[in-house]
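I'd like to ask some things about the structure below.
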Amino acid sequence: MEKFQEGDLVVLIPTFKSKKKRKFVIKLKRGLKTHTHYGSFDHDYILNVSPGDVVETNTGFKFYALKATLVDAVFHFSEFKYATQIIYPRDWGLILSFADIKNGSKVVEIGTGSGAFTAFLVFRVGEKGFVYSYERDPERAETARKNLEKLCVPKRYVIKVRDVAKDGIDEKNVDVVFADIPEPWTIISHAYNALKPSGFFVAYIPTYNQIEKTLLELEKFPFIDIRIIEGFVRDIQPKHYAIRPELKGYYFSAYILFARKVLRKIQ
Amino acid sequence: MEKFQEGDLVVLIPTFKSKKKRKFVIKLKRGLKTHTHYGSFDHDYILNVSPGDVVETNTGFKFYALKATLVDAVFHFSEFKYATQIIYPRDWGLILSFADIKNGSKVVEIGTGSGAFTAFLVFRVGEKGFVYSYERDPERAETARKNLEKLCVPKRYVIKVRDVAKDGIDEKNVDVVFADIPEPWTIISHAYNALKPSGFFVAYIPTYNQIEKTLLELEKFPFIDIRIIEGFVRDIQPKHYAIRPELKGYYFSAYILFARKVLRKIQ
Amino acid sequence: MEKFQEGDLVVLIPTFKSKKKRKFVIKLKRGLKTHTHYGSFDHDYILNVSPGDVVETNTGFKFYALKATLVDAVFHFSEFKYATQIIYPRDWGLILSFADIKNGSKVVEIGTGSGAFTAFLVFRVGEKGFVYSYERDPERAETARKNLEKLCVPKRYVIKVRDVAKDGIDEKNVDVVFADIPEPWTIISHAYNALKPSGFFVAYIPTYNQIEKTLLELEKFPFIDIRIIEGFVRDIQPKHYAIRPELKGYYFSAYILFARKVLRKIQ
Amino acid sequence: MEKFQEGDLVVLIPTFKSKKKRKFVIKLKRGLKTHTHYGSFDHDYILNVSPGDVVETNTGFKFYALKATLVDAVFHFSEFKYATQIIYPRDWGLILSFADIKNGSKVVEIGTGSGAFTAFLVFRVGEKGFVYSYERDPERAETARKNLEKLCVPKRYVIKVRDVAKDGIDEKNVDVVFADIPEPWTIISHAYNALKPSGFFVAYIPTYNQIEKTLLELEKFPFIDIRIIEGFVRDIQPKHYAIRPELKGYYFSAYILFARKVLRKIQ
């Protein structure tokens, strides 16, 4: 049976009831110990077990040890640093589905942030795709770079430190330009030039005021089929004897705007 | 500038105001004409224009011609046949994100249905991934097979006509087993055996009653970290002078249940 | 056992499965017949049965005959005429609860519209309360007047034909000023003057753009404790063997803004 | 100008930015002082000001003093004690609107709880209406009794300590029976007997499992026009320059079931 290996991201999930459902994500490295409120995890010990098995901390707390998903990692891996609020996993898939990002897609991202969505994209565009990510803040770019390395994201991406509003986008003929910056309207002309016809401009927009400005600017360019959505996910309590939605949770993240490039617009 | 080519799926989007925002998706074939309420589209003519350009029907209606996305195709391509209600695009990405389906993933799907979600998956798992799709109804399987061919989905999938509840799953060590059938509880033991440890069992569940039965059956197997969600997407009217959600739309599709395989369960 | 009486509003609910769950509301009048797709209802016959009993049309379709609620009436009473889109019943109660409208309240309504919400209010403010309703469009005011009469709303209301933005509000010291007009910002000064301190200004606002303008104007007056909400109601399919939300429905109506008058504002 | 009077419920709203938007509700009594984190409120001082004016604590924090609404009181009045989770104000109005509770209604409530909804109802049914509230737990009944007194609710209600499932309902011919108990199915026969024909049985139901049992029991009685809803309210951030929904909040409270009594049922 397969064992864990060095470099694996492992999610440790309590076998016991814990109010907060506290998970831990660690990256296995021979000789290391990771300390938590529940005692410490010995990496060497975990390297001797199989994914799906149960491990113990030095104080006897038992955890399931599984291969971590990207969602586990961005929420529970202490080495993943937040440079900014990340795009919520519940929105990742909406962007991917509606902008048709798939194996082979070339995507420009403006606003790398912490790199969580960058990682998500790289894992879906495959060996033939590529993610070009721009971040104007050098510190954030550096944080993202480290995060992506820690997450072992395949090197099908590049992070460039640049203010796209001022200095533009290098790439041409890309499938999608995705913007997660406070002023998406400032980079629309650059997005238009970078996109192939039929390609998608996508913006992640927190407020109505920003939607208004973005729509007004979009009208100046040959973009069509504009769609704005908001996604919302509700958790259902998974108890067979008391099935109901949870009472409290996130009920808003951001609006997502989609627009498609055409060569010219008919009024 | 790139031109359309034979075999391309083209989405034709009205340049004029049309109440229903009626789009058409066609598959280009030399010599063909496609007839619509707005007149007919001449494929030869479209083969001479570039994606993003404007084309006319023989009666003078103008449409933008773009490369079609999968979402365009499943809703507007008359050759895509519905064997069953498809999994909504707004749910595709939730399943993909939370079950960590990515480049290289091996996915078993139980309930091919019309094949829309199968297509979505194949386009994301890439050359190293694979989708094994089981469908117990031979007619539905045939419809799905044709749909996938029409959509030019790369041959990284297989459709097997089989009732998994009775006859099981051939594959072992897969990353995800996804079930979209009325009785997901009947295939949980098979799903457990097919999955690799850390792998995800995912079920698309329309009613509370089915959640209850699925949860009760899940308890008999070493599955942990059970999460049930419902996704909900609202469209925002994209008019800069009157920004508000649309009034009416889909406000439910199905519940999505996730569970992860472990080797043994601690009570 | 009590029988129906002349003037009663009766709701007729099919005893048979009908796709649309078609209800009819009629106002009983001796000698009258009401014609429908299912045959005609004979008022004299209904005047001889008790509420809760079953009646038949002349063609043999059976209906339950119940006392109609206001919600029944505004949706199913053909004599209730729509001058404008009404405020949705799902929003009535939110306004009432959060603006503390109760027995004895004096309410000014700006934008009578069809009078549905006016009726709702009058039935809750009781003998000691009163509803002063302003409508600038004389035709709409006339429609509302007739609607309220047809609904037998007790005469604890008045409808005035006036453009409040230009000509103000007569009343002073009212508990609530409620505005359902396209430009709520134009009547805020008048609302302030009409309200008693602690009283609520409430606006029913369809778009973000109108919220923005209303908030900007509100800042010029001593209003505090501003709250904006949107209410959302989802129907659950009432089948014990298939309990789930309905798939489609209204998922937006309008935003509701609340603000409370104080004597002076501390910056 | 009107001043506050002894016995008034006053809500004190910070004039300063406070992260939690902390309000206080006090009941004015000559000679009293109320102590808070922001210093103490001197009732005598407040008795000398007008509603809508600004008052200071002894340590100089300034608050707006307004007449408190019922919603203010149930959330911010420390003398209002929680015997159980209350029915959320966002649901009060849905029940009232869809069950047509109005001036003059006779309502039976099963499960008084803390009495918040009882108070809401009494304030809407007016002098001609009445609320008969049953609570099987004597301590809870006592808490509710005190709460209603503290809230100065007019004596148009009675609280009876009784287990309705065992001992039934005294009243006949009431307009609405409302149940907020864990087993609503146990009191349906009693509700049927207490209601007038056309009257509403309403249940506040936290889980799907309880809906299922309630629907199964309802089928045994002549109840029709069954409707189940869930209401949900989202707060919008009231900043004119950044209008968007709040990120987090309550997104579920309970399901509300409505059914209407008829004399006999046609299958």
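Which chain is which? They are A, B, C and D, in the order written, and residues in each are numbered from 1.
Convention: contacts are C-beta pairs under 8 Å (C-beta built on N, C-alpha and C of every residue); 3 or more make two chains touch, one makes a residue touch a chain.
If you're wondering where the values come from, they're calculated on a predicted model, not measured in any experiment.
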Practice prompt. Select, from B-C and B-D, the pair of chains that is joined by more C-beta pairs in contact.
Written response: B-C
Practice prompt. Round to the nearest whole Å and give the separation of the Cα centres of subunit B and subunit D.
Written response: 45
Response to the item:
Averaging C-alpha coordinates per chain, one finds the centres of subunit A and subunit B separated by a number of Å equal to 22
Item to complete: Could you list the positions in subunit A whose residues touch two or more of the other chains?
Response: 208-209, 211-212, 234, 243, 245
Item to complete: Draw the chains as points, connect those that touch, then say whether the picture is a line, ring, star, complete or other.
Response: complete
Worksheet, complete the sentence: subunit A partner, complex, touching residues on subunit C are 208-209, 211-212
Worksheet entry | Touching residues on subunit C, where the partner in the complex is subunit D | 2, 13, 15-16, 50-54, 62, 64, 66-67, 69-71, 89-90, 92-100, 102-103, 120, 123-128, 196-198, 208, 211-212, 215-216, 219, 222, 224-240, 243, 245, 255, 257, 260-266
Worksheet item: Any idea which subunit C residues touch subunit B in the complex?
Response: 206-209, 234, 241-253
